[in-house]
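Going in written order, the chains are labelled A, B, C, D, E and F, and every chain counts its residues from 1.
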């Protein structure tokens, strides 16, 4: 069976891995020292399970980050959206997403549309025997499904933050279903499904473009159709609406930081050989370095620019650092990884006020963090990976960007015309918790006027 | 009238000082609450995510004290000196007439209730 | 040595696994490709360690869920109870629980009472050699102990939520000790210790009955002896007492969701063969699907029934979905798993108000989630696992239910008669934090009247 | 290449492991049952990755614990410090810390100063082949780096709690850089780098002394130079300043508890043999037992001494239990581990008020938990490990203590003289969030006077 | 004057009772807020991490009611009996003169506005 | 008397409008606080976990302004028009006599203190 991993293996790693594997296979004395085929299969699957639950936990991270950065009167709604979108992703990806994303070589439109579309995801049989597994050289189908589903859900989580505090619950969830069942998996198939972007040589190790920029583009389209929160931009001035609970936002950021080891590390897609586990290890170390770089740069810059360090920017900075390294967490050295992440920090500090200039109201800063830093991260791949070229990287960014933005914009516009995506101004004033859900997030704490 | 109802708006940081000063002059009861005030001190400007903005209402503490008229002057004086910092935003002390007072527990009325 | 796993292996998985193993052993050419015996032992142990720390983290999940759903004036107490019960479980299970639960074939009352009772838990020696381990075909004793202890603690966590806001600290902790040292392990031995329920063919993969319904029964007995919170049921009407911190409750739910991958996945008890790791992977995917089903159904139902989505029901729904799939997370397909979980969501939306009708005051909804959904999950096993029969499943449910409820009820009643389990009405009015602990959970935030 | 693990392997485990390995190697029949060399390398690396992300998450634990125990007006600052210090540790440890800590046998001052100082950390090449790895008998360099870095960061986290609510942001971060780049790695090299303390036979399995007491000593020095919070000690009486958010503090404690399985378990440094995985399992079980012991003892003692259980002491007690078992989590039996942890609980209940007597203002109780319990844990090693002697343990404690305290005290004093480490009394009154950062942690909740 | 402004400081736990009692006698409107009070009931002493300390200000509820003078007596009586526990800390009821009242919605003034 | 103490209970959403309107007519100071009110607007009914219940007390904002008697009328008018929505629950404006006022910072008294 066609190998899910082939399109995603970091070329450098892949080569030496393969070469070495070959060598080792012949070299009889060394042979007994090799991990047996089943062991490789098991260890690869363990990587997916471990990385998968770490990425799953990122849903909690996004939820806490957003719950902390919205105002108290919209917090219950933000929590509800995050719980619901994570659940909906599980449905959408199961129904058509998974097979739309991984054609396994069979295309109905070569390199563009999976031949397995539409079809639900099917796991290997219970107690499957080694000779009956889908791909003994890779990992269990269910562990791969579990891991990939979490990426799909993460994409949806990105959108909810930007559109917070003014979008209606159900229209948002409808978009989420379309995003997780169709938009995300389709464009992901072009790269990770072995489609035309992969053929082109576009490189995106763990998804700066395929995951993060896609979430960012969908969020941007939504923000434009939806408009800014009432009173956010008043006679030419920006009116900040501070988040109600910064400890929650910080907790969310730490959880995302943790989950990212699974996000990037798991994207090695293999852990059963010496070189694979060494690569996964490099990725863990680099991922941490990039996050540190992003948060420190944001800390220093805000101190210099505003003469006061801005925690919310530091949180965004750490995440931007993580997004920046996601396209290539393997090849950079620790120092370079720190710098790549650091640029993410610069992006946040510059882009957040810039978006406000354009009256694009992004409640949690998801567009700078996931879209802009995602583009930067994708462009940075050629800096440390000779298999990547700026031209190809740019085409990949543009193709994915245009597709995702246009389709998302259309979907948002249609939903808006049909049911309307925005709550009434009065409901917005009262807050979505009371107006739409009738449930306060902190019912007992009296709020300052 | 024989009793006054004194309402003082002071800086939060001054409450303890005021409380101690009042106890010193024999005031046995008072009620406090958090309020947000606006005045000459036009509020302060802050940065949040790169945007500057003004907080119009600043946190203050409100103290309410019912006292015998004879004590009123002294109480106002005491609050003033204990809460004064000379900085803008120090606050105000208002004195209203209090017609009657009742201690729920005992039913005592008038000055005895205070 | 008698194999701890034998009684718990999912039959289907077990069979093919064994069959295949046998085959493989003979087939010399394939042999070199096999994972060596030590590797299997190590990988099984790694599964227990990984799953174990995930289930351990569920203690934080329960704690946050409960802390978020009680009122601010009882939050410090709820936190204290959760910290304490988790610690007490470690004592009770160590002193007698573990050996009471796993007789390893030696019964003092055949199939009913462990022959190793009473005895403390003893781990393998430091640096134990392969030929000296307790069971080289299974896993390290300490990893098994660690994993099993966390299940015992989870049972106790379930109880604390239902009885919140009115039960005294110490009587509650006394019951916890009895539950974790005696009640839980004894009934668990009947199934997972290879006792009579296991002989009967009763199937409960990860504990819808053995863990969740047991926690639920103990909570129900406690709720009946304890009575409802003062003012909860006033002249025939239900007076809601909204939770003080919904972000915490949501965080708790996400943490529980995460921990459940360890809860169900670890219950495969093996990860060292291709078929075992494939089964663990299936379980991860199914567990996630069921949670998603439960939360979405609760979301839609509350929207339809109350015209407003109810976040607290969505949280309960996700958990009910998880409990529902716990009895058989392996054999269902992803779609069926979603449906089984979805029924859990229905249960919550119906049972929560129903309990109120009977004036059973369950502060966090633990009875619908763990008891009722636990029963449903156990009944659902035959739907996808041909080795299960409704008759046997029902007998198992009844046996465990009657035993746990009756014994718990007696223990609660006795404690109540001797020391009294309920705080005074005045203390309840003031709140347990002030009355019993003299410590506010949020001392600085002024509370609304 | 010199083996990073050699100096840290628990002797008992090491011996039997080696002996057995030798035996096994000869015994041809058994041979096929051995885990191949590559498998051991991979599994050891997996241990580091898994344990590493668990320890990384402890940063979130410290952050939440501290954010919950400071007052609301200083919470944003505490969050900022925790985010920043974790990032700074990644820089300092990368630049010189790692190679300063692990000389790999080359000393510029024998047993005292690494010969690899100063030098940045370098990982193995991308897709490194087995014959090119740094140490095929150990684990990937990057996984080791990742794991060790998290220990360094944990040391810094300890300091921030003690000095909360009155120290300026930047001076604190400057100290953090010096601590993580120089102070921690240097003294750690004396033991874990194979330096003179290791030669002496000083035993500290996971760092009761090397990590926790070091954080504690640095915190103590800082507290002395910094002084107590204004109004904390008023005319001979202690004025408590209750934490603003106990649910956060409890969450933080649970997260730390979780992370500790990685902290202690990973310190086995190997998981690829039967005896190693059995040892890791023992460590998991013992670590949990010690935490339970510590929290329960604190619960009971505060109930007896103050007639009211004190949650904050219970949280400290659990952590003190964990610190106590950290020096030797392998050799104790479950019961003894519980007792060793229990003593940690006693320490907390006694030492917290004692420090106040000396007017040493430790906001979160880090000194009792990490320093005093760390000393106790180190002294307790000989109780269960015959390779340890009280004399050597004491010398180790003293050497590390004197060095860390003196150097830290000097650094604090110099920084204080040059820039001043303490905020103005007025800023302290207003709160650091407003005064230094201009950002409230809970802007909407009105605060009680 | 024809209207009174009644300010009552009561124990938080008594609000529901007072509210019900007042509705019973036909009071159609009132305003409540959380306050922290100090009085004879000198506050309570607590332990925190082994240190004893006194909380000087205790949570109370403040009720403000504007009423027609004719009702004033009755309202005070009602609040007293509904909030009385006989324990120290029960609180006080103050009555001030109210010169004028206006209902924003309708512009009604005087007693009609209440 | 020469000064009035105006107490207005308004809808939270109206504070900004009222604040701006008052500044426009030259009011340089005021004090606000969160209160929970009960009145004709009998509260609202909510669902929680399948049970219906009524929230009797609704969040309101209380504004306190000490003004020179001459200004009183105008201030009341301004608050009314700025906070009026015509919907039930708009609130009330009460005017009390204010005997004396003091600016803590300067010691100014009477109208100068405002």
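Here is the rule we go by: contacts are C-beta pairs under 8 Å (C-beta built on N, C-alpha and C of every residue); 3 or more make two chains touch, one makes a residue touch a chain.
Quantities reported herein were computed from a predicted structural model and do not represent experimental measurements.
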| item | value |
| --- | --- |
| Chain E reached from chain A - shortest hop count over touching chains | 2 |
| Any chain in contact with chain E as well as chain F | B, C |
| Pair exhibiting more inter-chain C-beta contacts, A-B or C-E | A-B |
| Inter-centroid spacing, chain F versus chain C (mean Cα positions, whole Å) | 53 |
| Between chain B and chain E, centroid-to-centroid distance (C-alpha), Å | 18 |
| Distance between the centres, which are taken as Cα means, of chain C and chain B, whole angstrom | 54 |
| Centroid distance [mean C-alpha coordinates] between chain C and chain A, Å | 32 |
| Chain E, residues touching no fewer than two other chains | 32-34, 36, 46-48, 57, 59, 96-97 |
| Chain D: positions in contact with at least two other chains | 36, 39, 46, 50, 242, 245, 251, 308, 310, 312, 438-439, 442, 445-449 |
| Touching chain combinations (by label order) | A-B, A-C, A-D, A-F, B-D, B-E, B-F, C-D, C-E, C-F, D-E, E-F |
| Chain C partner contacts - residues on chain F that touch it in the complex | 36, 46-51, 53, 57, 59 |
| Partner chain C, residues of chain A touching it in the complex | 31, 36-39, 41-42, 45-46, 48-50, 52-53, 56-57, 59-60, 63-64, 67-68, 75-76, 79-80, 82-84, 86-91, 94, 120-124, 126-130, 133, 136, 140-143, 145-146, 149, 169-170, 245, 248, 251, 436-446 |
| List of chain F residues in touch with chain E within their complex | 4, 7-10, 33-40, 56-57, 60, 62, 76, 79-80, 83-97 |
| In the complex with chain D, residue positions of chain B that touch it | 12-13, 15, 32-34, 46-48, 59, 61 |
| Interface residues, chain C side, partner chain A - complex | 10, 12-17, 20, 24, 32-36, 39, 43, 46, 50, 54, 71-72, 242-247, 250-251, 253-255, 257-258, 261-262, 265, 271-275, 277-282, 284-285, 288-289, 291-293, 295-296, 299, 303, 308-312, 314-315, 318, 330-331, 333-335, 338, 442, 445-448 |
